[in-house]
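Every chain is named by a letter (A, B, C and D) in the order it is written, and numbering of its residues begins at 1.
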Amino acid sequence: MKVDTGFLDALKLGGEFDARLCINCGTCTALCPLGLEILPRRLFRHALLGDRERVLGETDAIFSCLLCRLCEANCPAGVHIAENVRALRAVLNQGVQGLAEA
Amino acid sequence: MTGRKLGVVVCQCGGNISDYVDVEKVRAEAAKDGDVVSSQVQMFACSDAAQQSVIQEIREKKLDGIVVCSCSPKLHTATFRAMAERAGLNPYEYTQVNLREQCSWAHTHDRAAATEKGVRLVRAGIAKTALSQPLEKMRVETLPQTLVIGAGVAGLRAALALSDLGISVHLVEKADHPGGQVRRWGTLFPNDKVGQALIEDLVGRVTARDNIMLYLNSELVEKSGRVGAFSVTIRAANGERIPLNVGAIVVATGFEPYTPAPGEFGAGLDGVITLPELKERLAATAGPLTHRGQPVRSIAYVYCVGSRQPAEEGTRRTYCSRYCCSATSHLATVVTGLDPKIHQFHLFRDVRTYGKYEALYERALKSGSLFLRYSEEDPPAITRENGGLVVRVHDRLLAGEEVEIRPDLVVLVTGMVPRANDDLVRVLKVPIGPDGFFREVHVKLRPVETIVDGVYIVGTAQGPKNVAESVATALASVSKAGALLLKGYVDLDPLVARVDPTRCTWCGDCQTACPYGAIDEVEYGDRHIAQVNAVLCKGEGACVPACAKAAISVQGYTNEQITSMIDALAKEVA
Amino acid sequence: MPVPIASTLGMLGDNLRKRGSALPLGRRAAVAWTRGLDIPRGGETVLYTGQMWQMAPAINAMTHQLARFEGSRLSGLFGFARTMNRLVNLTPLLARTSAAERKAYTDRLRNIARLLKAAGVAFGYLYEDDLYAGGLAHDEGLDAVFVDHARRIQAVLGKHGVKRVITVDPHTTNMLRSVIPKAVPGFAVEVKSYLEVLAERAPPVRQPLGRTATIHDSCVYARYEGVLKEPRTLLARGGVRLDEPELAGSLTFCCGGPAEMLFPTRSADVARRRVAQLKAANPEVITACPLCLANLSRVAEPDVHIRDISDYLVEAYAPAEA
Amino acid sequence: MATADTRSPRILVFSTNAISDMGIDLAGSAHMAYSPSVQVIPVPCSGGINPAWIVHAVKAGFEGVFVAADGAECALLSDCVSRSAKVVERAQELLRADGLDPQRVKMAAICSVCAEPFVNHMKQFGRSLAALPMAGAEA
């Protein structure tokens, strides 16, 4: 995969989206009521590395997240998982879903 | 029988020995030796009362040697030497037999066998003592002057601290300016102090001191003498040779940044620089980073370049350079401070921001840096393609998938390597470790002392360190040198090599074998023989196996002593 | 084929932007619950519904409709539908509800108003200015729409001089208390859930219930807003002994509700798992969120009885005069 | 004196004051048993052992001589490992010249905390010595 720094800029890395503290332990995946394999550690890794295509390919996963924070409440690295998912939705809405909102 | 009058003390150690060894039997067997005129069993030989009674025995029976059979000599050699001295006996006519760690405690299952071994051990102790000779400690005067080699941050700081103690310092620097590597660097972790300002402050204080002489463009070219009174020669800028007398030498010659070989991690490609180069660029700019006039929007750092290399034949750089993870994490936050939108990718092997520097790593993580771990077997590849840098690395968190980054700048996080100081090493005769840095006597307990008494190694001359650690060792050396020089004298252990002039025919093999230059060829009547310079000799005996004539041996370990000990150990116990 | 995310979200966004609410809700229908309660208009302290109880049946109905589209070729028509929806509000077609259903939900608002009165709390209501809090837009990442809407809320609260807000559901509590203050500068209103207000006031128990039940914590109350003890305290005082489910409190398990709009099938799967967990503890289930109530009720077998916490509290603390 | 260990080969160990003696002490402190027929003479450094001593020990009745060397830890000689190796090589030459088995001398680095390795070395060396022809038969 190729790192797309433009996509990273769109994510406002370090602002709304930030999963750099993720230690890839998989607690989130284990706890997810939806049992989504991709969510969130691999998805976040793709996002952190600016893999635009891979992130766009996970629209379903990104929008099906319940934002229930069961993962977040148990995340040993303190990643704001729900806020990250929300931020990914915002980026997808703008850039992909054609939801030019204003 | 040698006609000696020896005393033997067997210690019960409150049961630690007597529970497993028949101490009375050991004493009785020892008493059978013709040279033994006194023998006793003590509950605790090291107790004041027991020592007092032994002292009385030595005086009353006019003993000329004493054997104490107790614990490991590591514990009480000094105790019983002092006891012997108080009794008026030469402390080197005392022998300690290890009846506890190497007998009773190792053979708790077999009292008869342990007792038999104890008998053999005490016989060996008696045999050795019977051949012992009175030796005197060598007391030599010390001169309150020091030589500090290297005027980097460690050398400057050591010079100031020595000066504070009233000890004069000759500070010798090879370059045409003081300050070493730190002078060229910008902000330093952990507190953002600027390297140049740090150095300017130290240099200002050094030059203001009357008892510090700074020699630039100068080198140490000769060293002779011994601890407390070295004669050294400095070759100054104009070629002038300056002789000096100093009591101690502090070696603060620093490190060199590792220079990657052309092509190593893309070294030599446009846009590929090293950690020190990035530090210098940052020190020289107030705004966002640029490269060839273009703004730098993304950086890839490749860690462990020149450090932690696989232990193959001839590889010295298997060590971690310690400072680079912390320095790079810190620099990443500096870079973010200049341009919050910059993308920074850290390709690391293990993040070793140890201790309180862990906070730097967290700051970097939270302020715009992404960390990708690579393995030693699968390092990142750096190329230039279509006018841009390309870094390919396999991301472990994506199951080894190849990640391609196109950064504007690649920073090779280079470690520390020892300076090429062959001439200085030869002059100092301080050993070099397998990594090429100067080597201390004991890594934990004597971290700045070298095997050459009075010569101390500090800062990165000894191995990779950050500034704080370098200064800590610099000040440690000052405490050692200060203790040595302010006392005014030093007592040297007399257990050194000695030549038997009747056997020596001077072949020079011992001189070749000695790494300390402690053997001289001297005239002896109408022939030449070897002579040991006792203050330079370390008593390790490297000369002993070299001598075909068995003419040289170490005091306390002479051929006669060792062979008689072997015979004593071998002799059957009735 | 899944529900087309873009078009569905587009419709919701358009609704919020053009019509002030995510789902169609007549102004009159939104305030109908107040009939006969004599709640004053405005005031420094207001009961803020955020229209969640009023909308819950519509969301439920829409989910039901969307579940039919999921996997159907008709989902392809959503793009066209979104374009049309901009001109004519089509969502009522998708979200048709019965009057009885609507009343069942809005009766919970009447419960809450009675409870607050019984506790001696003086409060007003903003009537047609009681706007939807924007949770859906925020959660789905419709940031610009959300921020615009948040400013609208800020404006109406300012217009009425509101200083304290009492909320009636977890989502509105979270939006007003935690999200909007970060999204729009200068938003300074004290926000408390009615459960927190009641727990503080500790009104006298008029009729101890002497029943057992289990409780389903809403994710938003439990993990976002830390409202955990209050419902338990109020129920315990009122004489309800709780059999806690395996996953409770800050480890509560989602009702599946948040996915219901876009992923109705997955949402129902999660809801069914949660109902099974709750049923294992006690078939009498107490919820505190209109969306949890709707989503769990949709999949619950007849032998599981799911009721809102206000149904229990009103019986214990403010029973109807005989 | 008859003991249970009369059949254990007698081993003389040259250990070093600064390093290997500490490892051997530690074995005792930890009560790790090894044969009492193992006896130790401490010397300053394994690089300073006279090969003649080793030969003398074998002739005096020790079935084996073990050099507990400083190894790379040696602070006195940076090339201690190769110097110590030369001592052992020379001792083996001398043994051979006297018709003695060079396998009667063995060397291993014993660090200052190498208690267990020391005990294992003693057991192994004891076994391999026991397998050699009787010492008296060689000369």
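Going forward, a residue touches a chain if its C-beta (ideal position, glycine included) is under 8 Å from a C-beta of that chain, and two chains touch if they have at least 3 such contacts.
All figures in this text were calculated on a predicted structure; none of them were measured in a lab.
Peer 1: Using mean CA coordinates as chain centres, what's the chain B-chain C distance in Å?
Peer 2: Their C-alpha centroids are separated by 72 Å.
Peer 1: With chain centres taken as the means of their Cα atoms, state the distance from chain A to chain C in Å.
Peer 2: Their C-alpha centroids are separated by 26 Å.
Peer 1: Distance from the CA centroid of chain C to that of chain D, rounded to the nearest Å?
Peer 2: Centre separation, chain C to chain D: 84 Å.
Peer 1: Using Cα averages as centroids, what's the distance between chain A and chain D in whole Å?
Peer 2: It comes to 65 Å between the two C-alpha centres.
Peer 1: Where in chain B do residues touch at least two different other chains?
Peer 2: none
Peer 1: Chain touch graph shape: choose line, ring, star, complete or other and state it.
Peer 2: Shape of the chain contacts: a line, open at both ends.
Peer 1: Give every touching pair of chains, nothing left out.
Peer 2: According to the stated criterion, the contacting chain pairs are A-B, A-C, B-D.
Peer 1: Which chain A residues qualify as touching chain C in the complex?
Peer 2: The contact residues of chain A facing chain C are 33-34, 59-60, 63-70, 72-74, 86-93, 96-99, 101-102.
Peer 1: Inside the complex, what are the residues of chain B that reach chain D?
Peer 2: 72-74, 98, 100-110, 112-117, 120-121, 124, 431-434, 439-442, 451, 495, 515, 538-545, 550, 553-554, 557, 559, 562-563, 565-567, 569-570, 573-574
Peer 1: Considering the complex alone, what residue numbers of chain B touch chain A?
Peer 2: 297-298, 340-341, 343, 345, 365-372, 395, 397-398, 401-406
Peer 1: Applying the document's contact rule, which stretches of chain D touch chain B when the two form their complex?
Peer 2: These residues of chain D touch chain B: 1-5, 10, 12, 17, 21-22, 24-29, 31-34, 36-37, 39-45, 47-53, 56-57, 60-62, 72, 75-79, 83, 86-87, 90.
Peer 1: Would you tell me which residues of chain C are touching chain A in their complex?
Peer 2: Per the touch definition, chain C meets chain A at residues 2, 5-6, 9-10, 13, 17, 138-145, 219, 223-224, 250-254, 256-259, 262-263, 266, 270, 273.
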